[in-house]
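For reference, chains read A, B, C and D in written order, and residue numbers begin at 1 within each chain.
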Amino acid sequence: MTFTPREMMVIAAAREIRDGEIVFVGIRLPLVAFVVAKQTHAPNAVGYFGSGLIRETLPATLLYTVSDPANVEGAAWAGSLVDVMGLLATGHVDVGFLGGAQVDRFGNLNTTRIGPARAPRMRLPGSGGAADIAAFAKRTVILMPHEPHRLVEEVDYITSPGYGTGDDWRAQVGLPGGGPSAIITTLGVLRFDEHGEAYLASYHPFTTPEEVRAHTGWDLRIAPNVAMTPPPTDAELQALRAYDPEGVWVGTP
Amino acid sequence: MTFTPREMMVIAAAREIRDGEIVFVGIRLPLVAFVVAKQTHAPNAVGYFGSGLIRETLPATLLYTVSDPANVEGAAWAGSLVDVMGLLATGHVDVGFLGGAQVDRFGNLNTTRIGPARAPRMRLPGSGGAADIAAFAKRTVILMPHEPHRLVEEVDYITSPGYGTGDDWRAQVGLPGGGPSAIITTLGVLRFDEHGEAYLASYHPFTTPEEVRAHTGWDLRIAPNVAMTPPPTDAELQALRAYDPEGVWVGTP
Amino acid sequence: MSKQMRLTEAIERFIPDGSVVALGTCLEAAIPFAAGHEIIRQHRRDLTLVGPVSDILFDQLVGAGCVRRISAAWVGNMSAGLAHCVRRAVEEGIPAPVEIRDHSTFSIGLALLAAGLGAPFIPTRTLMGSDLPLENPDLIESTNPLNELGEPILLVRALQPDVLILHVQRADVDGHAHYWGPLGVTREAVLAARRIIITAEEIVPRETLLRDPNRIVAPAHKVAAVVHLPGGAHPSPLYGYYDRDHAFFEEYHARTRTVEGFEAWLREWVLDTPDRNAYLRRLGEARWQALQAARPQA
Amino acid sequence: MSKQMRLTEAIERFIPDGSVVALGTCLEAAIPFAAGHEIIRQHRRDLTLVGPVSDILFDQLVGAGCVRRISAAWVGNMSAGLAHCVRRAVEEGIPAPVEIRDHSTFSIGLALLAAGLGAPFIPTRTLMGSDLPLENPDLIESTNPLNELGEPILLVRALQPDVLILHVQRADVDGHAHYWGPLGVTREAVLAARRIIITAEEIVPRETLLRDPNRIVAPAHKVAAVVHLPGGAHPSPLYGYYDRDHAFFEEYHARTRTVEGFEAWLREWVLDTPDRNAYLRRLGEARWQALQAARPQA
């Protein structure tokens, strides 16, 4: 089956979820990644939602927000946002998904503002729960379209910290969570070395490491053993398209 | 109608509740005082209970604890203890009732221990919610049998602070609530002067100011205008006895 | 004593200019859009808006010039994209500059929780190393006094709204109300706010509510006004009553890219629409019926 | 994967010696007496008990020698008077000395709340000027760092139980559970505890519980064991199921004035009574039936 770069990105993200893990699920692409994972290799993954909901099964219809009635129906818990964030803060979340407008080589994310505080060129929506997930999840996975103005040398604002300036920065500032384990883009999968710097670990089937570098705003290092991302299986693609047949979040092929 | 000292004490306590006020209701005698007030002059008083319940109407049967099913039935709210204590801490409670083993002239109460820490002669149950009520309620009313070993020169342990050492002590230590407005005993009603020291404001019908002094463990001052506590009205006594016909809390006449 | 009144009276009496108003505390569900539109019609000014995430209601209030400050974790259009009016206000001062005190959803929840507990702040380990504390004076970097090594900790300052507006499934005239579905920070906001305005799909007898006191959303003595307001959360969903009108969010997004577009939208749906009945007529019976849910009992 | 097991197995596996155990979090209602009795039968030692107020279950565990420390606001017999075993333990070291870390109900609630938030402490204005902070190292007098005048404030240290035991109306085998009635500090304890043992009046299908997710008391992934245990809260009440057995508290009070009296009581109701079925038979059908409530739907 053919597939789009966005489909590859979401499916690569789904593969980051291991069976039985607790996942902090955002809306849009992370939601679809969660659905694909549960429908394929991780049927026992549990989803936390910022609206205060916990789900063990999938919602019956496509969600547009985490507070949709379809997300309440069949939920395994409907508590407070603060309760769920408390569970996050006490180390219950294995993996959380993050997106944003800009990311740098240390996985620091900006979802707040392009340009300086006094003269912002673009006000973005802000953190939502992303900064909390970045602080506390055992690991995070960042999803982003691969464009040079998104993967940048320096972000304009750190909304959700990754590895800061690298090395033991997270411990120094007091962040308990593990930090990002991957940046998954429309072109490839970036992972982090022992200093907290991202490198290209795999490139998607329709591209090359050189093309990925050319679309990155910093001097991206490439793993010596860089490989092609395994293409989507039929089962993965079918799960994705069955959940989002009109391409509301993933777009249409 | 004849009445007992305990009945006089509870009815005098009931009179401290004004109509429409929010009352933090403990179990035992404060509960009966709340019932009498609501049945007579304060029908719109609202009751907070440490179990997380708020009541606008009276429970159908006598409560033995604030968590009895009869207290849930018809409750106007069933939240968390922490929620109710938060409402207390943010100044919503007009009057709270306290009891204890010992009280001193500044209204400091001991419900924790008789004797020193290393060799306690009697371990008592402890604070419950009383220390919180003492900290936050706009005013508190202390109920206690009038005996010299209970109204003492110095309490062995301050569980629920009154006016501390007097004057502006409460502000100095940072307690937001107003402090005690009365100690109501089986013999009389003590109120507090501008220094926070208790004096005899009224004596119950069956006693005299001298007898009250003789039963007090400190040199009790007597108000120049000391008067007799108005005896229970028939309505008050009937309300009390209808609620506790077997004298579980108030005893039998 | 009945607290039931018309929406116009509730907003007039309990939301003066300069108020700190919490709304949208159930996140993207049960957003009190009808009450927000009445705030716009009454030309309120200098409001501070408080909420976790805001799904276009904050954008409308900002575009209408009602807002001086926002304390929130996310301000946008959840399914359709950026908030155009908020962008114009922050980037260009149109129609008026707005200060955003950026929070995360956890920190705004903790700020409300602290206020409801009477605590001056709550310490947490979120947001450390981020840029939020650099610009938001309500997030204070500090050290943990219980830790000998002086580990860093963030103090989230308590935030007490003057008013919380809550749209619920059912209420009585005295202010007892049942809400079910996604809670968001509603439990915390109820305890934090000085007073509460309830807008409700249905007004029911008190007995219906007291039968299940665990589901009662707020102490009734905190409720200042109860307004009977069917459909009051559209286009957001209300669990058990109606679904989210996704298309409405798309339409709003498309139409409000320009100031003129926003003004036309506002005239059509708010200024020239006197109340929620007129709003639902404008929406059309067929569209409204299509959103109705099978009502689960609660 | 079913977590349903026998009570003996749940206590054996999840409450080792030295555990910090929260029980009685619904205050005087739904106290997990049956689970407490199994702890006694299994001769657990060096437990730390955590709860707001304890209505004789703590006294029984102390009298049986299971306890090294108590963190609580009130330890006694709510309707009948003082706790004789606790008195003997504190005053005379019989059967073993017990340390009591005195709290108020607010401060023990805040200690659990803090643990569930991952906050090292919560600041509050209660207990200042009292003697509790002088003897309890978990209540720390400090100053408010957000206040220029350095106003005094009390820091309540987070308290994380290893295990919370909760008796509920109904649960499924996977650990979803409904509880309704007085909450006490249950909501806070659920989030604070590392794991949860559920004892339930009824085991029901999952659908019954997921129909009303707002009433589900805990995230199921925190539940380590589910035990079907009808009558498991007697002599405390369980809302909708049975009333409080006031006479039982009186009898306990009268019989446990002496060590010998307590030991006889313990043999009769705990040591020589292997499980809750035998306990209910000992109680007698008539007495048990007289406590049954008309069950309100929930």
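The rule is simple: a residue touches a chain if its C-beta (ideal position, glycine included) is under 8 Å from a C-beta of that chain, and two chains touch if they have at least 3 such contacts.
In this text, all values refer to a predicted model and were calculated from it rather than measured experimentally.
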Farthest chain relative to chain B (centres taken as mean CA coordinates): A
Which of A-C and B-C has more C-beta pairs touching across its chains: A-C
Where chain A and chain C are represented by their mean Cα positions, the distance between them in whole Å: 27
Length of the line joining the C-alpha centres of chain A and chain B, rounded to whole Å: 57
Chain B-chain C separation of Cα centroids, rounded to whole Å: 41
Whole-Å gap separating chain C and chain D, where each centre is the average of the chain's CA atoms: 37
Shared interface positions of chain D, touching two or more other chains: 110, 117-119, 124-125, 153, 180-181, 183, 187, 214
In chain B, residues with contacts to at least two other chains: 53, 72, 78, 82, 85, 89, 136, 176
Chains grouped in pairs wherever the two touch, ordered by label: A-C, A-D, B-C, B-D, C-D
List of chain B residues in touch with chain D within their complex: 27, 50-53, 64-69, 71-72, 78-82, 85, 88-89, 112, 117, 120-132, 134-136, 157-161, 164, 169-170, 173-176
Chain D partner contacts - residues on chain C that touch it in the complex: 110, 117-125, 140, 142, 144-147, 153, 155, 157, 180-181, 183, 211-212, 214-215, 296, 298
Touching residues on chain C, where the partner in the complex is chain B: 115-119, 176, 187, 191, 210, 213-214, 216, 218-221
Chain C-touching residues of chain B, taken from the complex the two chains share: 22, 46, 53-54, 56, 72, 74-78, 82-83, 85-87, 89-92, 136, 176
Residues on chain D engaged by chain B in the complex (per definition of touch): 26-29, 52-53, 55, 72-76, 78-79, 82-83, 86-87, 90-91, 100, 102-107, 109-110, 113, 124-132, 135, 151-153, 180-188, 236-237, 239-240, 243-244, 246, 249, 293
